[in-house]
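In what follows, chain A forms one complex with chain B and a second complex with chain C.
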Partner chain A sequence: MTDKKPDPRRPDETFEPFEATRRIPWPVYSIAIALAIWGVIMLVQTSTAVQVADKAQTEAAKQEPTKLAQAAAPDLDAGKTLFADNCATCHGDAGEGVTGAFPPLHGSDIVKLGGAKAVTQIVMRGIGGKLNVNGESYEGEMPAFGSVLSDTEISEVASYVATGLNDDAKTISAPEVADIRKVAGDMDPLDGGAGLAGLINNLPAQPESAAAEKGPGSERVAQLVSQGSGTVWACASCHGDKGEGTETVPRLAGLPAPYLAKQLHDFQKGTRPNDSMAYVAKGLSDQEIVELANYYATMTSPSGAKPSLEGDLKRGAQLAKEGDWSIGVPACFTCHGPSGVGVAPNFPGIAAQQPAYVAHQLAMWAGGARHNSPLGLMAGIGKALNDADRRAVADYLASLAPMPAMDKTELAAMESNIPVREGVDQ
Partner chain B sequence: MSNKHPSDIPPRGETDPSRGKTALRAILAVGGGLALVVLGSLLVNFGLAPSWLTGATRDQSEAEAAAQQSGGDTQHAKLFTPPAESTIPDDDFGKSVRRGLAIFNDTGTNAHDFVGNDLSCSNCHLDAGRQAFSAPMWAAYPVYPKYRGKNKMVNTMEDRIKGCFTYSMNAQGSPSGGPPPYGSDVYRDLQAYFFWMSKGLPTGEKPEGAGFGKIDKPAKEPSRQRGEAVFAQNCAVCHGADGQGQKDINGKVVFPPLWGPNSFNWGAGMHKINAAAAFIKHNMPLSEPNKLTVQEAWDVAAFVDSHPRPNDPRQIGDVTVKDAVDKWHHNHQGFYGKEVDGKLMGPGYPSSDQASAPAQNESSGG
Partner chain C sequence: MQITETLGLLLALSFVISLLALTILIWAIANKQVHTPDADDARTIFEPGEGADTDAPNDPHHFNAARAGIDASSSSVVMWLIAAAVFWLIYGSLHGLAASLELHLPDLMSGTAQMTFGRMRTVHLNSVAYGWASQGGLAAVCWILPRIFRTELRMTGLLKTGIVLWNIGLAAGVFAIANGWTDGLEWLEIPWQIDIVLAAGAACFVAPLIATAKHRNVHHIYVSGWYFLAAVLWFPVLFVIANIPGVHHGVEQATMNWWYAHNVLGLWLTPLGVGAAYYFIPKIIGKPVYSYALSLVGFWALALFYSQVGIHHLIGGPVPTWLVTLSVVHSVMMFVPVIAVAINQHVTVAANLWALKESIPLRFISFGAVMYTLASFQGSIEALRSVNTITHFTHYTVAHAHLGAYAFVSLVLMGVIYQVVPRATGKYWPFPRMIAWHFWLNVIGFAIYFFSLTIGGVLQGLAQLDATKPFADSVTLLKPYLEGRSLGGGLMTLGHVLLVINLIAIGFAKKTRETETENMVAAE
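Showing the complex of A and B:
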């Protein structure tokens, strides 16, 4: 043991015997190697993804200046897409119009004479009154897209209508649209042909202004809406000054008066459950209900609704325009009219409705909490849609322009029909 | 182990028992590693890995939902599913298909000159002619040409569509005064649409889901009176209490009129109570098929079909209603040539004064 000369074959003093004897088992190496390979694969994948993203970014950056350079020349392809999304449900894919209902845009004398500028005004403000196009008479109740489309989008779609659907040479740029918005952005819809005549020179004969009174009805109703009464709080405190609603509080502006009246009666009777509205409705007289319903039906307000439920807009558009018959759901527009403007008295407008409200109501119909639709039509549809579908269609509807308001003259004709019908409800 | 002593290295030529082992271990380790990678990627690819690991929850639940949806209606499991609209090709053929689809969905606009009423093909052939038991066009296309008793000759698909324009679309009241002439693009585009939709179905065989489906005979003779009540309860909300349909704020027809001057004429298939009853039973109210009982469907069909409507266009010149009954209507289950509330059904709205068809003459009739 006192051997001073260390055996060269012996390990040095720091040696710990188990290192040499207990070798690392091979499966551990296997796992290490597998992890290493996985790591390399991940690295390669990430770097490819980054490269692709970089490339896309640089390309986008390259396009940005050209886009800016083209500010004066709006993107007509984008205009065509916008047209298909916003206009085609009424005016047709090629702007051919619908006989007796929606005027043609292709070969339209109004578009020809007014060009992209007049189209911009019409798109931004909408139309509320009779007009003549190519000698044919139309009701001319077109929603205003000012709150739904940006200046760039309006310039694109108006330019497409003027140059793509017709052979006008002049387009309109986004700054020009912005200038028009400064002046006319908050104005009421154009008063039919009479309103157009003020915009476009040498327009062929147009029907005279119907001078349809719109907006607030009697002072009493206006007060009820904005201040409420002793027992009833103001409608506007929840539904907004312009009846535009918010989140789960519905938009009321532009809904058919008979529909609104029926809902208020249903809240009163408890056939549509809602604690707040039951309280409010019980404080209203039948006369007040009629007046309030008329007030909101003739009201036009910009859309305050935006898609907010992360719904799949493509699926929503499919449900709204075509339906999904594999689950027994017809297109929303089959009953609620083209572009969801509604069909009075029983089918309310659903365009520009608050998405959270729509999705909530669909779920309530599905669950049976709401059960006051005619024939129970909405119960089956609510049940057939799954949660993702309900969010998809609610978000899509929120992306549409608000439905046009009903004019007073039409309302008067309908007033006698306001249903306080028992038995029809289920 | 930096301080390896030279003597650690086994002398050349000598066999070290551990050397073979090390190589074996290395092979095992590398092989095992590769095997793990392959196994792992297989697990992920075949969806066997737990979802919390791969983050695939969303996809999976969607796939399940889709599977549930398609499998939910087991009764209709064997029905043909036509291709989705989004798969119409982006070429010249596809353009024709799209034009056909547009005509089908809004006939009064896209074939304006040949439509004499407020109807579109898709009013009865639901879901753009795709819905089974709603006379889907994918079921009709493969069985033409065929012999038809209606005109006692072999009909091509073009002949058949011409018939639809003549009767269901009341072409006699249209701007052109008749159906599209033979060879018209209207037929070409509609047939392109039907042909495209029927892809994969055998020709000459009537597929399951064709026509309006079968309906049992009613226990009691169909009654207009009972039908009126069924109508008020289940149909009036959409088609109007007067059956004249409803339009939106711009005057666009949203719900089609069921009788009167703007509906189908006395030669259309839908004027037969049995055809209307089968359609109603399997398709109405919209989204609630089979809601009505067999008896209710027959009753309400009788009510709808016992109102005045435009003339049978074959009834021209000296042909009286009685002649027409003997010639064309004697074996129909309908009200043509019969008296309803003291009024003869048949001479409804002749084409000459179609435009000025008096509304008061029509009244509600029930």
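Showing the complex of A and C:
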């Protein structure tokens, strides 16, 4: 108790509350009316937006079957355009080929014998290794275009090769391509001329298959990949059976061995921060790193990536092929090789890479969380791209054909260059 | 059952109908179609000679509840509820504090499953929501309803049975949660088998309060009565529907979950707090609230618009866009009732600031009422998609939740306890200075808590949206703000300890008065 005098205004205990009879102040009216109008507008806007989206969806669903029906007779002009865009780079504008590397497609005994169906198989799965065409020997690597071209597009380009460049009268329809995709879509690339044996009758003599000579330790590394050991989780548990990656987990198949080895060392040292990979990489010996890098570098697998970030593919193509000098960004392909297939040892393939991974890494370069690129090249590029650009280029790269496997002789030559733990950190 | 277009149309209609109803109400008030309470309505209508003579028979706004035996009928129930509520307040505060510490000292208690963050936080929420705030609010209801109805509290035996059942159920529920047995939905963690006990307890509260209302001796129901009666009817409906097992699945379950979780705040704890503030602010000051018409608008707009508010928690989730938009619109419409209540309550206080110096219970209650206004404004703005993009999944939401459940509801209820206990027991508080300490510890502690989490939450949200930053950055940047939260929470808990000390001491204190004709301002 204080001895302060109670306030004379204080009521006595028996006062009971009541409500005075006053009018509602006018601001309450105006606020209520304003909010009600706003609410109605919001609801109408949303329902309109939903209706528009629904309409677009049903129309898209309607269009799919008509497109397939039309494709019953493949459009050879479209096939010619597709040929120019996708095939002519290696096989030549008229399909004349390059001696020793890329076989001709014009007047080819293999195309004549196998027809559009064999071409479809090769386009979809890719092919690598020694191959005889018209009695001459070729050796090159053709990526799989299964993820790049739709069934309709493959039917168009394969029909064009079969009937336009050779005199096979038979074309292939989109549904037939779809049937082939069901069976062969996920298969590994064809193993050179020997791989064609099951597809083409009366196949002319082909060189022996250069079946993977398994180097020392490859048994062990396969087990490491599929089952892990100790603190090393199975690589395949995140990167997939075929090293194809998913979401922000990268595709590893076909990346240059020195690049892969450098990244594992960087994870170990913390110069490329990533808690999961640091944990795994610290459990690997230098020998295991070399073996793993070789394992993935020689792996070929179909692309598991497709555009999924709603990026602007035209803008992405521009950035990848030409760059944008107004923001100081060079073309991706300048360093990462034509079609983004990579340039060993330092520049990984970026074609068919998971789009979420590419966009995430570009953001990490921009923010400085990743900082292990040669000469800090990627930091400047990452900072110059905005969010829409990152999604655009990532989606475009995801639409490309995956890089072909690294040549084994090339790999052996590089092995001496693989950085070891104390190596130069770039 | 799926959320079909028909169902969508019905829900969208709920906005249109609510809008129409509010318009008619306002039109009716403006055109004097609503019968306003005049002096006669408020006058007691005891039979002559029934012993209900007032101290000032010519003044309808005076009534001696103590002499009429009304307080005597409710005081033991009220004290049971307050004792139980304060127990859960302390129990819940300690769990909340522990959970807060675990966020910046993650290895502190990681050895025991019962003491990990996931369970500590859940026990905290259930203890303070169902143990503290619900029972504290019911104490206010049991004290105030008989007074404004000028009749005794009925069926007190059933009420006490309800209290026992409710606390047994809650203790079992909290024990189950701590040991890993939960229903897995936020606010609905207590296993449904145990919820049966709680539902039985809740049912025991409804009948006596309705019976009391039926026997009322006034024609006009004072605004607190509307809120209390509505809350007492709304809550069991919400609780039972949300806890029926096996009815709700998938996205629909998430929708139901947030429908329930938000309605527990808006249709249960809010009316309890607003109703208590509506009674005690004018009671302590001795002046009427601003306007009966605003009371009507405030109550009915809450009743009409609140039920759809919760779905804004699913912005960005896989629920139909229009459903979320409907909820956003309803959330923003909450400005209407909140402004109405704010004018009614704050004008009365602002014109009588002297009373805040005189009465510490009023300080608690009035501070809480202001926090109701702020929490509701903040909630309406937070429901907008543009704001929600940043604040969703951050500690900003936690700060907002505590602005409503703590700074508003809990502070009002603490004021109610300080105001009511001396009158229910006939004893003075033994340590009045501690009450002022409690107030300032809570206000300062809460300010630290709120501003830490609000600032930290916005920074966390911005960091999460910045693709160039690794996710871990949005976690590590929070550390100082989480430490601030623990500091604030510690001060708040300390304040609660002072309340307990005073409450235990008053239990042992001697009775000093028989009647309560004098106005007892608690801190004197």
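Simple rule for what comes next: the second predicted complex is superposed on the first by the 236 of 426 C-alpha atoms of A that agree within 3 Å, B and C clash if a C-alpha of one lies under 4 Å from a C-alpha of the other, contacts with A are read in each partner's own complex, and residues count from 1 in each chain.
The rule is simple: a contact is a pair of C-beta atoms (placed from the backbone, for glycine too) under 8 Å apart; a residue touches a chain by one contact, two chains touch by 3 or more.
Model, not experiment: these values are computed from the prediction.
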item	value
Which of chain B and chain C A:Met364 touches, first, second, both or neither	second
Which superposed partner A:Pro273 touches (first chain B, second chain C, both, neither)	second
First (chain B), second (chain C), both or neither touched by A:Met42	second
Touching partner for A:Lys182 - first (chain B), second (chain C), both, neither	neither
Chain B versus chain C as contact partner of A:Phe102, first or second or both or neither	first
Which superposed partner A:Ala32 touches (first chain B, second chain C, both, neither)	both
Touching both chain C and chain B, counted on chain A across the two superposed complexes	9, 12, 23, 27, 29, 31-32, 36, 38
Chain A - residues contacting chain B, complex	8-9, 12, 23, 26-27, 29-34, 36-38, 90, 92-93, 96-102, 138-142, 322-323, 325-330, 334-335, 337-338, 341-344, 346-347, 374-377, 380-381, 384, 386, 388, 403-404, 406, 410, 424
Chain A-facing residues of chain C, complex	12, 15, 19, 22, 26, 29-30, 36-38, 42, 54-56, 60-66, 147-148, 222-224, 278-279, 281-295, 297, 320-322, 325-326, 328-330, 332-333, 335-336, 339-340, 343-344, 352, 354-355, 358, 428, 432, 466-470, 472-473, 516-521, 524
Interface residues, chain B side, partner chain A - complex	3, 5, 7-8, 25-26, 28-37, 40, 62, 65, 69-70, 72-73, 81, 85, 98, 102, 106, 108-110, 112, 126-128, 130-131, 234, 237-238, 246-255, 285-289
Contacting residues of chain A [partner chain C, same complex]	1-2, 4, 6-7, 9-25, 27-29, 31-32, 35-36, 38-40, 42-43, 46-47, 49-50, 273, 275, 359-360, 363-364, 366-369, 382, 387, 390
